[in-house]
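In the two complexes below, subunit A is the common chain; its partner is subunit B in one and subunit C in the other.
== the complex of A and B ==
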C-alpha cells in the first residue's frame, strides 16, 4: 500500500501538536516509538485523524500501524472505500 | 431533558432504537439472591430493563433488553453445542463491549460451558504484544474454542495457533451454525461460572476461577449492601468487560438486580473522556465507577462543557482498581460541581478479581473519609498515628478510607509473623468469605501461595484497619527494606512524579538485592526529554526528591517512554519493571548510569 503525499502532509499537521520532541516528522517516523506520545494521547490523535477524514479506523488496524506512511495508507484506503 | 438528549432520542428512535427504561413497573426488583447466573437472567428477562450501547460518537447503537439477551443467549448456547463443545469446556471470548460478547458469555451459562473473557488490543503498533498476551491466556485456560469479532480474527488466529487452539470462530460464523436440538443443561448452583484473566504477567497469566456461589454472594453484596440499589437507579460504564470491575460490577451485578446499564467502550472513553459525563448527564445515571485516573482524565478534558451537564443524579461515584487519590477526587468535584455533581457521591471501595470483585465499600450515604497520619511514624514503626493539625504538610500522609467488608466476609491485618494486628497497625491484608475464587485455574501452586488452609486469601496489599474500615497503604510484595526501614515504592514514585515534566505512571521504584543482602533502590523514569542538559537535569532532580522523600540513595535510570509494564487493570507492574531491568531488557537511554550498572552486576 502506498500513501498519497497530500494525506501524509495532513497527518503530519494533525500530529504536530502531539509531538513534544521537536523531531521533524517524516513518512518513516514511528508514531508511538519515535515521538514519546503516551497511549491516551495516541488515541486522541487517532480520533483527530478519524474526524478530519471522516472515517473510522478499527482498533485491529490501529494495532498494525506503526509509521506515518502506514497510517496515511490506511486513511487513503478507507477514504476511497467510503 | 437537554435539547441534545432529546435530539439523540429522536435519532435513535428514527433508527428503531429505544433505550431500555430505568426500571420495571410490573416486575418486583430482586437484588440477586438467585442460585445461578442463568436463573438471574431468566428473572430479569421478565422485565423491560437491559443494556444500551453507545457508539464512539455518543450515539445509541444497540439496545439489548434482558429479554433479548436471554433469547440470544439460549440460541447461542445451542450453536456452541453445534460447534462441538462439551460441558465444562473453556470458551475464550474477546470481551468487546457489545451484544455479541454478551450473547456468548451468557450462552455459555445455559450450555454449561466456561466462558473466559479476554482483552482486545487498543494501542497503535500493539499487535505483537497483544498476540503474545492472548497466546499465554489461551494456553493457561486450555481453551477449546475462541470466539472473536471478525476485525480481530487475524490477531486471534495467530494467538490460537501459538496456543494450539483449533477452533477459532467469528461471531458471524458462530451465529451461522445450526441450533443443536439437545436439551440444554445450564450450570447448577455448585458449578463454576467463568474464568477471569487479569492476574499475573504476560508470560504467566493466572486465571481466576469463579463459581456460581461466589458470583451470587458478591453480586448480592454489591447490590444490597454496598450500593443499596433501588428502582431509581440507572448505571453507566466504560470499564472493560474482561476486567472484574467491568464484568462483575457493570454487567453481572446490574443484570442480577434488573438494573439498566448504558455503555460506551473503553477505547471510546480513552478517545473522548468527556463522553462519559455527557452521556451520564443525558441518561440521568445514578451509579458509575472508575479508577482514580478516569476521574483525572475526565476532569481535565471536560473544559467549558461542565456547565452544560446535569450530574445531580449521580449518587454513587465509585472509585476502585487503584489507590484512591484524594487530590484527584477533589480536582474532579471542583471542576464538576457546576454540573450539580455532589462530592458526597464519591464512594471509595476495595476489591480484587480473586474475591470476584468487591471486598468493601465505604458507606454510600456518607462523605469520603480521609485519614491523615504522621509520615515518620508510618515509615519507621509501621503505625498509622493520626497527624496533629499543627503538623507541617510535608510530615503528613493522607489515605482514603475504603469501608467495611461486605456482610459474611472477614478482613484481618497481620504482621510478618502472622499475628493479627490492632487498629492503626500497618500489616498484610487478608480476606475470607463466600466471594473468594476457588483458585487459579489449573495452577495449584499459585493458588496455595495465596489461599491458606484457614481459608484466608493473602491479598498482597498492605494497610490498616480503622473502626472496622480498611485503609490501603500499598502493595506488600513491592516493599523495599533499607537499613531496617520499610520504604514503600509508591512514596518514591509519588515524589518523583512531581518533578517536571513527569506524570503519574512515569516512575517505577523497586529494590534490587545486593551482595550484602542490602536492598539497593532503583528508580526507573520514563524520559521524554531529549536534550543532554535536560536529561541530566531530570536525573539530578529525581535523585534529589528521592533523597528528600525516602532518605535513600538510589540509581535513577532513564528509560524510553512507554517502556514500563502495566497490568491489564492498568496498575504499574513493579515486579515486571524490575524483571525487565534485571534481565537487561530495559536499559538506560544514555550511557551514564554508573550506579545502575553496579547494582545490576550484583543482582545478576
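== the complex of A and C ==
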C-alpha cells in the first residue's frame, strides 16, 4: 500500500503536538519507537486522525501500523472505502 | 542473538531513577498488616489510603471465621479448573448469593477480577464482532478485548456523543456490538454518564456491559453499583465485578439475565483453563457479599469519609481528578520527579497512597491517588488531609 503525500502531510500536522522529541517527521518515522510516544498517547493520536478524516481505525489495525506512511496508507484505504 | 529483555531497558532505567529517590513506589512491602487501614511499613505504623479496601472488611470477624472453616473443611486449594476438577459447593453457593444480591438470573465467578474481564470480553465478542470501549478503560478490559479477536473501537472517555458518532461510522458492518463502560474509573474516580449511554443504546441497539469493579458494594441504595445508583439496571446487559475491593478477597464475577449466559462457561478460556478460587477465598467472599447486603451503614461511612477527604483536599486548593465526591480521590501533580518526591514524603510522614504515572493514567497525568475506606476514622481522614497540606499543597504553591 502506498500513501498519498497529502495524507502524510496532514498526519504529520496532527502528530506534531504529540512529538516532544523535536525530531523532524518523515514518512519513515516510527510513531511510537522514534518519537518515544507511549501506548496510550498513540491511541489518543489515532483518535485525532480518525476525527480529522472521519473514519474508524480499529485498535487491531493500529497495532500493526508503525510508521507515518503505514498509517497514511491505512487512512487512504479507509477514506476511499467510506 | 537478540536479548529478549533488551526492549525493557528503558523501563529498568525509569525504575532506577525512582529507586534513587527513595523506596519502590510501585512495589512496596507491607511487613505486617494491622487492620484494614494500618500496616507496618519500614518499621513505621502507616495509614493505608491506597488499597481499594472500600468497605474495610478484610479483618471482619465473620469473614475470617468463614475462611478458616472453609480452609479446614475443603482444604487449601482446588488444584484445578472447574471444568476439569468440578466445582466445590462453595463456588455454586457464592454464584447463587451474588445473583440474588445483583437481582440477576445468572452469575459466574472467576479466580481474579482481571480474569473476569478477560473472560467476559472474550466470551461475549468474537472476531466478527466489534467492541466499543471507553478510552480510559482498565487494562483488563483492553486485554480481554484483544483476547476476543473482535474489532476494537475506542471512544472518548465518558463521551456518549463520541460513541454515537463511532457507532454511526460502523453502521452496516457484520457482527454484534458490545459497548463497555465502568461504574467508577479507577484512576480519576469519575463515573460513566450511564443515562447518556443508555440513550445511545436505544438509538443504535447494542449490548452494554458495565464493569462495576470500583462501584460494586459502594454505589447505589442496595450497593449493586452505578446502575443501581442511577436506576438503570434494566438497561445493563452484563455486569463485571471483583472481590478484591469492597469484598476484601480475590476473584471476580460476570452476571446477566441472558438465557444463554451459562453457556459462557464453555466459551471463556480465562474461566476454563485456570484453577478455580481456593475455598477460603470463596468463603470469605460469600460472607462479605452477605454483609454488603446486610450492613448498608458501611456504605454510609464510606460516603461520609469520602466527602470529608474531598472537602479537605478542596479547601487545600488541590487539583483533583474529578469534581464529585468519590471513594477514589486523585490529586494531579506537575511531573514524575515531583510526584515521586511527594509520594516518598507522604510515606515518611506515615500515609500510604498510590502513585500513578503515564501510561497507566489518562491524559499523561501524574497522580497521587487515594482510596477511602469505611474503616477510616474521621481522625485518619483529617491526618491524611493535614499531610497532603504539608507535603503536596505547599509544593504546589512553591
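In this section, the second predicted complex is superposed on the first by the 82 of 82 C-alpha atoms of A that agree within 3 Å, B and C clash if a C-alpha of one lies under 4 Å from a C-alpha of the other, contacts with A are read in each partner's own complex, and residues count from 1 in each chain.
Here is the rule we go by: a residue touches a chain if its C-beta (ideal position, glycine included) is under 8 Å from a C-beta of that chain, and two chains touch if they have at least 3 such contacts.
This is a predicted model, so every value here is computed, not measured.
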Practice problem: Figure out whether A:47 sits in contact with subunit B (first) or subunit C (second), or with both, or with neither. | Solution: both
Exercise. Quick one: classify A:32 as touching subunit B (first), subunit C (second), both or neither.
Key: first
Practice problem: For A:60, decide between first (touching subunit B), second (touching subunit C), both and neither. | Solution: both
Self-check item: Superposed model, subunit A: greater residue contact from subunit B or subunit C
Solution: B
Quiz item: Which residues form the common part of the subunit A surface touched by subunit B and by subunit C?
Solution: 38-40, 43-44, 47, 56, 58-60
Exercise. Show which residues of subunit B lie in contact with subunit A when the two form their complex.
Key: 56, 120-127, 130, 151-152, 154-155, 267, 270-272, 297, 503, 528, 530, 560-562
Quiz item: Across the complex, what residues on subunit C touch subunit A?
Solution: 130, 135, 145, 151-154, 156, 166, 169-170, 358-359, 362-364
Quiz prompt | Partner subunit C, residues of subunit A touching it in the complex | solution = 38-41, 43-44, 47, 54-56, 58-60, 82
Quiz item: Can you list the subunit A residues touching subunit B in their complex?
Solution: 20-23, 30-33, 36-40, 42-44, 46-47, 56, 58-60, 62-66
